[in-house]
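The structures come next, written out as structure tokens.
One chain, subunit A, links the two complexes that follow: it is found with subunit B in the first and with subunit C in the second.
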Partner chain A sequence: MLGSPSLRLVGKRLLMAVPIVLGVSILTFWVLNLIPGNAAQQLLGPEASPDQIQQLEEEMGLNRPQVVRYLDWLGGAVHGDLGTSLVSRQPVTDELGPRLAVSGEVVGLAFLISLGLAIPVSLLAARWPNRMLDRISMVVSTTGLSVANYVFALLLVLLFAVQLAWFPAIGYTPLSESVTGNLRSLALPAIAIAFPLFCFYTRFLRSDLVDQMQGEDYIMTARAKGIGPWQVLLRHAFRNSAFGLITIVGLNLSTLIGATVIIEQIFALPGIGQMLLQAINTRDFIVVQACVIVFAIITVLANLLADLLYAVLDPRIRYGSN
Partner chain B sequence: MRTRKTLCLLLAVPLVVAGCGGSSGSGSTDDEASTPRRGGELTVLLDASFAGAWPTGLDPATNTTGGANLTQMSAIYGGLFRLVADDDGSNAKVVPHQAESYEFADGGRTLRIKIKPGIKFTDGTPFDAAAVAFNFERDMKSTCTCRPQWPLAEGGISTEGNDTVVLKFTRPNGAAVNSMVVSNVNWIASPTALKTMGEDKFKITPVGAGPFKVVSNKLSSELVLERNPDYFVPGRPYLDKLIVKSVGDDQPAYQALLAGQGDAYEGMTTTPLIEQAQANPRLVVTQQPATSPYLIQLNTKIPPFNNKLAREAIYYATNVEAIKKGLFKDWYPVSQTFTAPGGLFHHPTVPGYRTYDLEKAKQIVQQLGGLTVDLGTLSAYVADQVNTALKTQWEQAGIKVTIHSEQLNGLIQNFNSGKWQAMLQTAGAWDPAAGVGVGFRFHSGVPFSGVADPKLDSLLDQAAAEIDPAKRDQLYQQAGKLISDEAYGPFILAFAPANVVVKGVHGPGLTTKIPPVVVNTGIIWDEVWKSNP
Partner chain C sequence: MAVTEVPASSVLAVDETAPAPARKWLRSLAIGLPAGLLVLIFGACFVLPLVAPIPKPTGGDVLSSSLPPFSPGHLLGTDPNGNDIFSRILYGGRSSLIVAISVNLLGLALGGSLGALSAHFGGAVDTIIMRVLDVFIAFPSLVLTLAVAQSLGPSQRNTIFALAFFSIPAFARISRAATLRLREQPFMVAAKLSGTSTWRILVRHIAPNIGPQLMTFAMLGMGIIMIIEGALSFLGLGIPPPAPSWGNMIAQGQLSLSATPLLVVWPSLALFLTVIGFNQLGEALRARWSGR
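This part shows the complex of A and B:
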């Protein structure tokens, strides 16, 4: 079992993840220290005297050298302690858990919606290229890619919350409180994030499928064998196009996380994006650092999952095997 | 922030089209009975970048944003004093609330505050003079800039019996009580709960003697409060539950109100949205009386504004009436000094004030051989609009202008550098000596002032110390005249945010006018009620 190529792949990727996450943490720490102002100044407000700021900086340990502060933080982080918020003085790890769950739900739903729609629409468009459905999908996806997701979010609220009252405009209902309430509270934020993704995936997958269907020898061979057009599309062309889609989905995750920062603000969702924005505003570097590290770990894991999916889809891909 | 504000304008048209027409509900409540009803829950939405941010928790001794978090703090703690006014905002005055009464002695050097008998914190412990003195001592020791700026004498906090707290100052402090309503010292925490919980836990689930007690608190996100059944005012509060939610901005808040996810929104500043809300029959908009006028601060310590002529050019080149009409449809009053109609000691004009005169401005600029100005402000809808208008106006007089708006940190750094030239800021407060009062912009000892004039310092200090209101008025008039004569900075108009509620919500400060002490109005939450609870 230990010699399994897939396990070796996982091990290799996980080992590679260590320097990546470490690099991200160093870079984040360095960049955050370049930003003007610090938590002490932000906390004390505009009326604070330089002496007061200095006193608080000493209390917070912000006057220590950057390297010392980073190593202190790193020492705690490897033991699962991401530090104490400079502003609220609460443990960051305690705060991150529930917020990560909210953001995770939104992002997960957005993925489900975007992929769940993009794949069938692309297949239908590729099955009958340049016909009505194909043209409509192109118009919709071009429009979707031209509209920023926060604009789309506000329009969604206007239509589905204000006018039709189908979904709440703001707020979050925990899953433990009500399953339907939870899904209703997350529907609009998830759609707002999913729509641009759906457009992007549809454009990509449709054009790749059309290319495969029109120009590839293996498609001609399959057709020559008398295999039906849907079977050719699904079992041959789509399987091949799926590699590109997986790569894009993996790479898109970081964009998706970025989108949560804005969307959570608009929908007043207590997620990690909202936490990150508040922390940036108050120069709470410990919280920002923790959020960025969590994002980095999720991105690395998503790309690992994408690599594993390649191997699942294509037996020839066995990293490190003969 | 700018992007979202632009978005507000973009979405203004579709929102109007979406069926929000009708007559204005401004300043009035619905036709239902005016007798308050008990019960119901109310969700109040607060802007995440101001009142809806409470990152340091809700302990009065450490909440650095207490001046913005008036709703959260007064709902939990009540307050020793509070600012009340007639329904139209007139006759505003600070009255004792958890305090029974107060009196100044020794010409304003001693302040005695008598506490109402029988009040208890929600943990059952007594709210007495010892508890108040404990809080005052704790506030004074705090490193937070929210600590009171009292000129306290050595051992200046003491008690007389169970019900009186005595404050002794080194000099007269006539503004001490008026300042209290915007200061964290107004909110008294339970000493027992503080000791039992520890400060870190207390700031999350604080215990006070206000109309509501904390059920849950997610910092800068959601605060759930329930009725305090042992509140010292019989029959109050009317509401069973108060939920405070932080929302991204005016636009999402407005949409949330329309969608029924909120009952009230405090501090709307985006004028196109205020207009829309006024046109919506489902909403009631209460434009609060202005207390803090916008001012163009000029840094008189460095060129070009160390030259009085350059300052005069700015006065003559600024067309306040055009800004008032063109940008804000005459909604906001013009002021020539640091007071506004909603505040104390207001006089709308100052004798000899330099008003718009383009020709004079052009002449002075020519005489100076040109004038180049860098004009900054704190990023906000109204400030950005005014700055853009000023740039256009000043350029007509031949002044070269660059404008920029910044977040708070950048702004502070700019002030601290001392290299700034001109800043569009608000000045003054309901009482000019309270909070971010007039001294904040004009006293030589403050880093955010561009003026160093010992005569002006003396006038402002005397006015803050004086206990006779008539004498204070005279002193502030003299200070306003001096600022005008020396051309230390032209005033623009006095803006105040609006509170928006859905019909059926009533309450002082929400559907009646109460002047903002500094930025936002202190809503009297124990008197807020719903027609259909």
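This part shows the complex of A and C:
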């Protein structure tokens, strides 16, 4: 389906993403090396003698210049080796897989819930602007955007786990153990992440749809042709708004990743956010570095995917105006 | 109904130079209400502890721990350490607001001038600055803020630095876009042709024109920073206890969520009211600037 101009566009974007990911890795490496108490000290505890620390540093190669260590790390990273955890002494890459799966499942569910609600709600609101449903959805989404996600998560726990006991407050049931148990354990975290997203998408989509329905010439043409209001809304206005929505979803992903760190901490989910936080607290900078890079790559890829979807959906880009 | 209404207004071009008095009143209310709320919050956090007999936020007495709300001398009761909750809310708000204001001022000053310079000079300077900022923007900000906060050690000053790291690129982008739009304006061309110095152009011509836009963003930025600062403190990487902050009060309250939910409710409510105040003010200002 893809014509060659769009392939070229994707290739160009992919090339542009490489320096960004490299930049992120350099930045992370630099910031993590600012840590005053170094890793060897941390591992050996406060009673370690300077000799012991020096010995361990040599063993782990920490006494080499930063640039050498960075290039060494980069060489491994390109081959999928992100180093060995200083604390568990296990290869980081092995641990990342299952943890990414947990985080991915939560984030995926959150996307499903937020988009699954935001799209119909905004369509209904834009179909009858300033009516009851529109007003309610605007108040909810405006208010919701001012609620911190950790506050919302605790409210959910208080209401649905403590008071009503419908869902477990914390913990994770793997999918292989029980499907319903898995969904029950992920329901509250997914809703906690989804709610602010829902508010954000609804606000954007509703106002974009209303603006188009009231101001654009092609909408008036469509109406003049005698097309029904729902058809105009879905076929003409929504199709246009979808582009903005895709950009926003892509841009939002880095905020979303930040949210998983807090939400996984509150609900004790064994995801990558929890892994990062544990590594930060134990100063396991190899793991921190790996997690940050994974986050950065996901963010860059998500934006790339948004560009690609654009190319697929918009004939002007697909057939290349460059 | 909507079908007949819309074309009519766009075809007949309703006289918009004289807005109905009710509309105007509503508009000033949209700015006045959140501004009033924020004045109240600032007053409570910064002035009230100076003039009213508010107990200390730390060093409470264990004998008077976990008192219910409306206890004598403790409006909202006390926490498990015997500290007055109302006082902790006020002092916590003070430190959260100081962090948010400092971060936004840093972002406004450094990011704003970086973006304006970048757009003004263009060419290689622009490319280099924007590529470096792209790296920061690609970053999941909370994630690196956590790493920075941990590597610098938790304290109020370090929280400000860690958060400023990410507010600067955002401000720079907005100021760059705004400056680019100005570049072709006649007065800018005239200033350049008459040999005005770069410094003078930046200070006298660019700054006053991009100022309102940056200020509006700073209002929205205040809300965002307050929430992220709360998250950092919530995770134990922001303002270290026993010093109060809304984030660490929520984290502390989480430990006894089912027994004493009010410990979470009070700081959450304070955070919510402050953030919605800033967000609504920012939105109202944006509507006002873009409406003209």
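Keep this in mind: the second predicted complex is superposed on the first by the 297 of 322 C-alpha atoms of A that agree within 3 Å, B and C clash if a C-alpha of one lies under 4 Å from a C-alpha of the other, contacts with A are read in each partner's own complex, and residues count from 1 in each chain.
Basically, contacts are C-beta pairs under 8 Å (C-beta built on N, C-alpha and C of every residue); 3 or more make two chains touch, one makes a residue touch a chain.
Please read these numbers as outputs of a predicted model, since none were measured by experiment.
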For A:G215, select first, second, both or neither according to whether it touches subunit B, subunit C, the two together, or no partner. second
Kindly classify A:V151 by the partners it touches after superposition: subunit B alone (first), subunit C alone (second), both, or neither? both
For A:T282, is the partner it touches subunit B (first), subunit C (second), both, or none of the two (neither)? first
Of the two partner chains, subunit B (first) and subunit C (second), which one does A:V292 touch, if any: first, second, both, or neither? second
First (subunit B), second (subunit C), both or neither: which does A:G181 touch? neither
Touching A:I170 in the superposition: subunit B (first), subunit C (second), both, neither? first
For A:Q52 in the superposed arrangement: first (subunit B), second (subunit C), both or neither? first
For A:V162 in the superposed arrangement: first (subunit B), second (subunit C), both or neither? both
Touch test for A:P229: subunit B only (first), subunit C only (second), both, or neither? second
Would you please give the residues of subunit A that touch subunit B in one complex and also touch subunit C in the other complex? 36, 150-151, 154-155, 157-158, 162, 265-266, 281, 283
In the complex, subunit A touches subunit B at residues 36-37, 41-50, 52, 55-56, 59, 87-90, 150-151, 154-155, 157-158, 161-163, 165, 168-171, 265-268, 270, 274, 278, 281-284
What part of subunit C is in contact with subunit A in the complex they form? 2-3, 6-7, 10, 131-132, 134-136, 138-144, 146-148, 150-153, 223, 227-228, 230-231, 234-235, 237, 250, 254, 257-258, 261, 264, 268, 271-272, 275-276, 279-280
Contacts from subunit B onto subunit A in the complex sit at residues 3-4, 7, 10-11, 14-15, 18-19, 45, 48-49, 53, 55-57, 64-65, 143-146, 199-200, 203-204, 218-222, 245-249, 251-252, 255-256, 258-262, 407-413, 415-416, 436, 440, 447-448
Can you list the residues on subunit A that touch subunit C in the complex? 19-21, 23-24, 27-28, 31-32, 34-36, 128-129, 142-143, 145-148, 150-151, 154-155, 157-158, 162, 213-215, 220, 223, 229, 254-255, 257-259, 261-262, 265-266, 276-277, 280-281, 283, 288, 291-292, 295-296, 299-300, 303
